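What follows is a set of notes on a single structure, which appears directly below.
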Amino acid sequence: MGDKELSGGAEIGRNRARDTVYPVDAHDIQKIIRDAVKKKNSISVYASTAQSDVGLSLTKMNRILEIDSANLVAVVEPGLRLGDLAKALNTEGLRFIPAETPFYHEKSVGEFFYEGCSNISSLKYGAAKHFLMGTEIVLPDGQMMKTGGKTVKNVTGYDMTRFMNAPFACFGVTVKFILKLLPAAEAKQTVAAGFDETETVRGFISELKQAKIVPSYLLWIDPRTQALMDGKGNAFYQLVFFEFDGIREEVSHQQEIVRSLLTKYRPVSPDEYGIDIFKNGKWKELFTPSRGYAVIDELKIKWTEAFRFIDKFYMMAYERGIRAGMFGQLLEGKLNIYFEDLSPRNADFIKHIISIMPAEGGYSAGRFNRMLGLSPEGPLVHIERSLKKLFDPDDILRG
Amino acid sequence: MDKEIIAQLKKIVGSDYVMDKLEDRICYSFDATFKDSCPDVVVKPGNLEEIIKVMQLANRHGISVTPRGAATGNSGGAVPLRGGISLGLTRLNKIIKIDIENKLAIVEPGVITDDFSNAVNSTGVLFYPPDPASSKISTIGGNVAECAGGPRGIKYGVTRDYVLGLEVVLPDGKVVEIGNQVDGDMSGPDWTMLFVGSEGTLGIVTKIFLKLAEKPEAKQTLLAVFSSLDDAATAVTTVIKSGTIPTTLEIMDNLTIRAVDDYLKAGLPVEAEAILLIEVDGSKVEVEKQSGQVIKVCGQCGAADIQIAVTSEDIDRLWKARRAISPACGQINPTKFAEDATVPRSKVPDMIRKAKEIANKYHIKMLLFGHAGDGNLHPTILTNKHDHEEMRRVELAVEDLFKVALELGGTLSGEHGIGYMKAPFLKWELGEAGFAAGQKVKAAFDPRNIVNSGKMFAA
Amino acid sequence: MDKHIEQWQQQLVKCIRCGTCRSVCPVFQITDNENTTARGKVKLIEAVADGKLELTREMQKRLEKCLLCKACAVGCPSGVKTDELFMSARRALAENNGISFIKKIAYTGLTYRVLFNLALRMGAAFQFLVLRDAPDKKGKLARIPLPAAGLNNRRLLPALAKKPLASLIPRVSKPANPRARVAFFPGCMMNYVYTAAGKAVVDILLANNVEVVIPDNLYCCGIMVAASGDYGTAQYLAACNVRALSAEPYDAIITGCASCGSTLKHEYGLIIEDPSVRQNWEKISGKIFDFTQYLTSTGYSKDFAEIRARVTYHDPCHLVRGMNVSKEPRTILKSIPGLELAEMKDADKCCGCGGTFSLAYYDISRSINEDKIDNVEKTGAEVLLTGCSGCSMHLSDGLSRRGSKVTVMHTAEFIACAYAAKKREGP
């Protein structure tokens, strides 16, 4: 069950289908699906672990259909790469927040929502799923369905926009995304700082909070992660990346405060200790490593419990002889783990961490298990199965 | 209802909290809409265990259950159309926790929105953005069921943007926690988002985990006066296009201004064709900049006058006027239909124009006001429910309003929900496939159709 | 009955069931039951009008579970006159189901004016049989609990005054140079219980050079009777009072008790049906004022002694919402030098008495009062002032239960004290 050496997100795009097809529009997909229904073939789009007869690659459906600045929406196709979207929007003075950071620039819009990728900037702007305003979907029977629309407020019926586009949902193939945009920020300031210990990181971030600085994102990467990414094993500092944005006056005002805090804490800057990953841009693969393995969007724990949990994690890893690092959006309780590979020992360790989350006062999102094709448990499983049966009675869509 | 069932219910919640006399059932037969329907019994559980037992009983016997908060909804959500049990949830009224460090709150469904909002405000650093007009009376549970909005929606979003997770009792009595208390993101179906706005048709919400927002340092309120409704509507989109997103952006047409002024005698500009009530918030620097931007844009769009509210009395005065629209309407005609067909912001001028045409076509009195900034207008028809002939014209007018909103790329409801009021029109917007999808969701959760049946997709 | 329904429809059609009444109703805030909200009661009345419900005893009980504090009438965005509607409904219910035997006896007793006066004088003499002094000497407690009469044995009651008001003041009190001649309607409580307050009103008017006449043949104003639905008796009492108050010409008719004032000035408009009585009432209703209202509108002497004290003021429902009087008492108090008037939170929220409500629903009445007492104590005031006998009684009960040091006084008593103290000081 599942590949022994599955590596992070890169494998997601390549599915294990017998044949791969490249539709150019929704009509194509409708035809393919109706065909599959007739022939009782199975289809997979994004999932790599699903065995299926037909693989749907949406790479050719990569257009920006509309940029509506009055309504602050963009209508795009699933195959559009987030990096391309960000570029196009920036020329209009607009931005789609989840696409602003480089971590997911290679991902397509469809992949991004299918995998439930976190919005790096959710600290200031909210979760990625709230930037989805509407979609058009081809259902497993070939019919087209619309959800949501361009209106900011919509309470007509159930929230099918988020339901049909939830992480690992396979109730339909989304062929159009209506994305919520915001005006581009007038000014931005990015800071990278290396601290000696987690305690110092905690102190620094607490003071940032007290000073009412709300960064658009705040990302922490521990030395072990840096070492594993670098491959050479050199790293001594707890790295914190953060950015604040807004109008020029506000940004310079915040810059002042941050400067004084940095003077107080005296962190090291990454240039100074020259880790290769930052020099050659490999850090962009942090969430989607081509050689390592990252458990992302899985572990959630409140900010006030985070450091206690991190210490416990290191201790457990040490006890089991596991080499792993941690990184993530600390202030939002999103903690990720970095491994050099997904060996069976590492996989077991992941499963163990997942199992202790509730006792630690945290949560595990169930992402890792779903990616491995393992079912969740609980009273909702039965409802999920009913829904799957109702939407896809012939089990055409495998993910 | 079977005497045996009543006896069992009394055993579960105590006889003080079971009401089956007609005189009491009548008091629980309605909400703020026009259709009434008596439940067979009113049950007011005091905790999760009692709710579980009631649902198990109901499920065993196929008894209809209608969850109820303050019953102030505008779409019929709390009306027990199929009789059965009216499940009053107001005894679950504790604010369990407000966690400042983690910006999280845990509340029970019966907490009144304003009570919660005030409690969060008193932390001094956080606030709870969703501000539906009914917040003094409605409950958080009701807000979650209808995905309530409010004037702050344009910048801060609506209830669903703040729900991280829920504890729910499913129709068969099983309890489950969905979402989480950290970021609200879990893999697999987004159950939390399905429940928010589900209008009590999928289960009973017994606990709500809410995200809180940072309280802005400063805010400013402005009033822009226009001699043309079109200009005001255009100013709405132009402000947004210029890169400024105000906290609220409300519009009032001349009829509305006059109605409010007659009622309050507040010295509103009754000669104006339209006014925009705008609020901006953020740091002091941001507020100054946004305020300047708003003034510039309104001026460019032809505003005859722009007033800035400086003192807190001024601010209160302006918001009092906005909140007085509802009572002011009551003084004019006894029966009020407040619609909330919503369109994309850029179509607000068209929507306003078409709404006025519809009012003329059917010879009815219609006030136009609402959250222009997010396209959620409230065309409000004033009539008398005993004038059957006029009521017929009103019904046709309301249908036309829906059609127009949909034609302009909008939606049937921005805030009030579907309930039974708009259920007949669901297919217009969702199409056959979309409607069938809604039915599937309902069927998966509630195959026996006992929870709030007669609403939405099970109407 | 059809006549009733027609009248009701005018109000019923306005109710949009928005639920705003839930946020202002003191009873609902305790019971959390929709059968006590204004819109719930409106719905019951609508059900009767639509033929879906009979005027049952159960419905009557729910209509009785209301303070008639008028908070819903004032707070209603659609302007439904809930207080009038509920009074009318109680009338229809009483006509259909009758009222309790005890009440019927008591109300009938009110119509025998001479007998009533005699009974209360005797009652004052013999009250010790049923009542004993409260430990803090601030009132009386029932010797045996009589829950049916709302006499829980911890409930503080005022004593019947040893001497009724009529024995304390002459029929006519004339100052040296009267600037006006008014009638004073003391009401039952001021006549037989809070006589000091009654005398204080007269003293205040005298201090302002106003001639005060206590007209002959005054009856109980009848509000409790009308609120129970016994319009027959209430109309009789109203007619008697209108006749008594019209017997001579007066510049104004002054009341000191909020309930009496509101009843004479407004509720009689709902109660009186006889056209000639109505005509006479309309001639005098415009002249009926609460004493604070009369003083602030015609001018009053500011010859007060300095009183260094912190006081707070409770707005009786019948003054603030019944007669639109709330600024006036405060204006006068603020002109007493040295006096600090500390406003309590929700000063205009009902104290929980509601006349007969506190008899039938003492527990709810007490809970509502607890909130009020909390607010009073938070002001740190030494004296609580108010302009209604019912409120005085209920607030005293609440304060005494807490062993509070706060004293309740009628606004008139306090103002009269300020005048008298100044006079004693000399020129």
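We just call them A, B and C in the order they show up, numbering each chain from 1.
Basically, a residue touches a chain if its C-beta (ideal position, glycine included) is under 8 Å from a C-beta of that chain, and two chains touch if they have at least 3 such contacts.
Just so we're clear, the structure is a prediction, and the values are computed from it rather than from any experiment.
With chains as nodes and touching pairs as edges, the resulting graph is an open line. Of all chain pairs, the one joined by the greatest number of contacting C-beta pairs is A-B.
Note: centroid distance subunit A to subunit C, computed from Cα atoms, is 67 Å.
Rounded to whole angstrom, the centroid-to-centroid distance between subunit A and subunit B, based on C-alpha atoms, equals 31 Å. Between subunit B and subunit C, the centres computed from C-alpha atoms are 40 Å apart. The set of subunit C residues touching two or more other chains is empty. Shared contact sites, meaning residues of subunit A that touch two or more other chains, are absent. Subunit B meets subunit C in the complex at residues 19, 21-24, 26-33, 36, 44, 70-72, 88, 90-91, 112, 134, 136-138, 326-327, 329-331, 334-336, 384-386. Interface of subunit B with subunit A (complex): residues 99, 101-102, 104, 146-147, 149, 153-154, 157-158, 160-161, 170, 174-176, 178, 180-191, 193-194, 196-198, 214, 217, 237, 240-241, 243, 245, 282-283, 285-286, 289, 342-346, 371, 374-376, 409-418, 422, 426, 429-434, 437-438, 440-441, 443-445, 447, 456-457. Every residue of subunit C that touches subunit B in the complex is listed here, in rising order: 9, 13-14, 16-20, 22-23, 32-35, 37, 39-40, 43-44, 47, 52-53, 56, 58-59, 62, 76-79.
On the subunit A side of its complex with subunit B, the touching residues are 68-73, 93, 116, 118, 122, 126-127, 129-130, 139, 143-147, 149-160, 162-164, 166-169, 182-184, 186, 212, 214, 246-247, 249-250, 253, 297, 300-304, 332-334, 362-363, 365-367, 370, 376, 378-380, 383-384, 386-387, 390-391.
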